[in-house]
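Just so it is clear, A, B, C, D, E, F, G and H label the chains in written order, and each chain counts residues from 1 on its own.
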């Protein structure tokens, strides 16, 4: 695709027929991976029947054709609570499909610091950590203080009341006391994976 | 004072003369502690000259007459960053003046978890922890997960940008994944100390 | 469970099968009470059929296994209007299930002060008052001025328009002119009950 | 002035010379009262020197020429805390200058219900109650439940943090559980007085 | 009912059985009008079948028993657009049921000033004008400048985008350049009618 | 300058030396008008001394070199209150300096409809009306309904409380019931004048 | 219609019968175009059956009777992403129906500048550009810098999270660094078309 | 220091004496660079006199001791307008002091696309681009579409009105249609530089 990023279609709000049309065009015009995010199961079924050789990841709501070979850049996707899992899965599945090496660490909310610290070694081997956390989003600060690699934080719209559908977590992650963590849009596992892809690409270029 | 709470005057926005008048009346009408919060040094000097036997704590901006005897109820005031110190000092000074036993733990922001964990033992002896934290307010969640005693969180207006003058920390503390922590108004060290006083009073009544 | 708090599962957004799995694990790994909040009737039916000896409280949308013996710590749950009742019931049911003594006082909104004052004696015997109020949340200030024990305020998302789904009540309770009242998240009867549990635990420890 | 309302100039942001010019014009073109609100002392001095027969009320920051004769319509201005007094004074002074009978009741915040109830008789004689309250604005609901006459609530920008410069009180007053209370702009003692004037005018017309 | 206001039940969120129960109690305990607002047709049918002699106004979604005799106090309910009609109808129906004389003026948005001015005479005879307007709420300012009687503005949640579900109209009405207009909650035709009732009661008392 | 718009420098926050440098460069690189907005008097004096042939309009805080010849495109700048005048002056002065024909209409707030209607003829001759109004911004709707030419609305940050520094007026103007009015940024008289310039340019091109 | 603007009915929230009634009246009382916006297909079918000679544009959700002859005024409707198309279609269809010449340019989001620049020639021929863009709304700034004709920006409610249902795009378009662009309400393709119509009318008048 | 990030002190709100103390301690306890951000000139003078061998960058308000050797990792700092320069300078100075190679590109706002495109080659050589832009923040989207390397966006608090002190730019950058760009706090040139440092460290580790 343009400037070297993979082709990713935003599936939400498109008809199955529209998705089929766009995917076919993308598959024809280049030879890298083609992804569709935010795809409900019924839509996936229709599209897969029409465009061969695709794979659907229901937990991530992701369709993939021609996934990239896994490279050596290691991403850890860490998430706080059960409700954050769908977003973590989108991040992990997109990252995997574009050729990053993905490890997942779940259920490490800051209200259970010892579970988080038990993962410290795994976190320290990461080339990038994607932190997925809703409610107060505190996990981003905690992990930002534990590792020195890039940290991409994804606020999620989980929780109720004062969580303001993810706005609170987004603002809190920006106000974080941990230096140099960056943030993407609410619920955007996709955005975090693409940010990691950009990082991996630089490392690849520099180490080539 | 009415219903058994100590008399505390909100000093901000009152003239020195008004403060003198109110303090004199309160000292005359009951025999417990009398406090004035948010008092600038020049105002304090004027008032202390007019009303004998008071003490001014500049770091906490607090005036006190007839402080209570320290009792057995132990409050730990934990704060995250340097900028949170004035609020932590208000909480500690008010709590001390109304008879609570106060310990302070500073510089334990969640971006430095190991410093926080080094204080775990001290935290576990507390009857109540007051957590003072601005920016993303994550410290409240972390401590809420470390201790089982009451946790009163005070969001502070420190930081800039996405911190929204403390609103982000306030919302984040409410959205916290740690169960049963409670929150008071932004920068209200006073409010947290009074909440601890209410707790101590119940314990006192029950153990009397 | 960890740090001595009871195990409470947040039921909303989990499949019946997930709830069954989590409850079974929790029952096996410790011997205290196990609760699931925000459970719709159909989910409750499914889970109760799969995990014996549980009880469902429909008004509170709460599932309980192995409720604690009622202890001597007395919580009064006071609520303002009819629409606040479901949240008040969640607070009361969780508090009861974890071993607190619960009394309820309903329909004491501040627009009917004489009804509220008629309950003053009952309020004054409380070890903690949980105030559940939506709209303008004024009940928290009024009760905070009537009692000297801890007051935990729960803003509710009732009402329309300027109530902003509970944000107005949450902010108003924080801005309250009553000293030392604390606040939990919007509609979080659960959070208020856990705050009361934390205090009861301190009393228990001090009187043991 | 037009439609029968008194002439009131908004002084804030106008130069002393501008105020003098406007007041002179208004005095010439009709024969009712002429008021200027939000006038600082130095401006007042300059204007009074230039336009004879005016009176300045410093507490209300109000300039008045040709005040109306006091009529029989009775307004009670009730305020919650010390910080609400300047707004209460503006309401009272404007109401008095346009011919309403004014009584003031101060320091009746809802955290001290018994002080409020001690004023119930005085409140019940009012033709209209103006309630001035900041912070959580709960006083409007409480008084709305005590009296059956019109209640005009003025939120004030007092307090800090969650009070949001009066926005919280404004929203809370609108969400109030007391039926039929109305609200004017933040800190607008002027607006409340004019609302009362409109009502008095109807009464006057009906009893004429 | 208490303090002399009519009994009005908020129907939204109550089961038909609850409404029946409350209405029966109210009818028994006093002899004035009993109203239920926000009642959907099916609920109304059920309740009317159970409690005799009630009347349902579908356009206003209002149930009424024992309506008051129409008195001499004249309310004009003016509304801006088609979408504001349901709220205007609630205001008019409640006002009528509690004994006020009601006239309605519709389709007088400020984008059509000449239609508004054509109603000026009718407006000038009012004892109170209730202005119902959404979008930018400008009608309140315009009418506030045309009449000298009390103006009660009701912002509505009509429109889309920048209207913010009525918040924009509510704020705009408060910021209005017309002196002495007052505002009630978004969509609260009920609140405006009760405010008018309070006004009528004073006039009645003064002219009795 | 680029694409045919006049060169306008935003003066706020620039040092006098920076302004001098930029103006000199612009005067050298093209031969149209050069303007600097938001210039305080002292800065203006310094700059005028350094760059000959400029003119300062203090009421509009505008510096101009090489103003354009007045063309035939007629702009009426209508403003609501006294406090809106500085923004109206900026709009008028910029429009004049770039060659539009400017008429001003002041003090036509919607709370005084008859004054507004008295200007209807003048408004109807306009090629474009710029409406400058703060508080509730209702004037934009009213004028939008009176004329069929383009209407560019400028919300101002005047007023206090619910006006939210101009945000309320901005939102209200967008939610306006008058079809086809457009809006520019708060206090941006400059933006409105440039919008008018763009309109005039099309007319010029089409009628050339 | 009044002041020379075409008659456009807002279809949302009206019953098919209401629409039929209004359209019949409008067709009878004048002889210009009659439009209904925001019409769902089923409603359209009903109305077309009842009122002859109308046409429904499903993509724009628009009903039209007696469309105007296409005039010489050229509007380019440029949109950023797939999700912005329905709003772009409303703008284009309304503009066409009231007699403007319409060209559409799609898929020119700022993340693909070269596609945008490829359309620069087409944009430069426009008499007015309507820019339809959601998410961050950056397209308005980019096009505002490319053309010197009037630019009317329509923020859309597309996207998720930080897009705040279009509020972010609306604010961003106002804060734009491109001089003289104007903005209409979120999703209001209708509003933008009417703004263009107002300008075309001036051109028409001037060239008549 | 801890986890391998450089030591950076937040200077705002600290007394000169406090800064001296902290800097001395940091210089003693490790041997990497020591930085202090947000330092006003007078404070800098005092601190430099007390702690030898430091350097002050007034444009960036930064104090540095023991800057790192410039490494091979190339950061381009691109900024939109004049008002964004101080933040861009902070980003560039911090990045340089911690050993990154820094190039700056200024005055490339999206309203002047051709100036931006003229820098495309320089942008394409970057290992990371830091985009500093206020107002509507559109530059982040545009650059995100031009390069495939990591893009770290810094919203600035420049502009007025609808810019909401940087909140609009922050939200807009998150809602951006460019995939994989990340965002840091408003005005946080420091945060962006640290994010770049984290990435450079991974590259260093991978190429070591």
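Just a few scattered comments:
One rule holds in what follows: a contact is a pair of C-beta atoms (placed from the backbone, for glycine too) under 8 Å apart; a residue touches a chain by one contact, two chains touch by 3 or more.
Since the model is a prediction, treat every value here as computed from it, not as a measurement.
Listed candidates were G-H, E-F or A-C; the one reproducing the F-H interface, defined as more than half of contact pairs identical by residue number, is A-C. Distance from the subunit C centre to the subunit D centre is 41 Å, each centre being the mean of its Cα atoms.
Subunit C and subunit E have centres, each the mean of its CA atoms, that are 36 Å apart. The geometric centre of subunit F is 25 Å away from that of subunit G, both derived from CA atoms. Distance between subunit D and subunit G, defined via averaged C-alpha coordinates, is recorded as 46 Å. For subunit D, residues that reach two or more other chains under the stated contact definition are 2, 112, 145-146, 161-162, 170, 174-175, 179, 185-186. Inter-chain contacts, as defined above, occur between A-B, A-C, A-G, A-H, B-C, B-D, B-H, C-D, C-E, D-E, D-F, E-F, E-G, F-G, F-H, G-H.
The touching residues of subunit G, counted against subunit F in their complex, run 2-5, 8, 73, 127-128, 145-152, 170, 174-175, 179-186, 190-191, 193-199, 201-203, 206-207. If you check the complex, the residues on subunit H that touch subunit B are 2, 10, 12-14, 18, 155, 157, 166-167, 170, 185-188.
Within the complex, the subunit A residues that touch subunit C are 82-83, 112, 114, 158, 160-162. Those residues of subunit A whose C-beta lies close enough to touch subunit B in the complex are 80-81, 109-113, 116-117, 134-138, 140-142, 144-146, 159, 161-164, 168-179.
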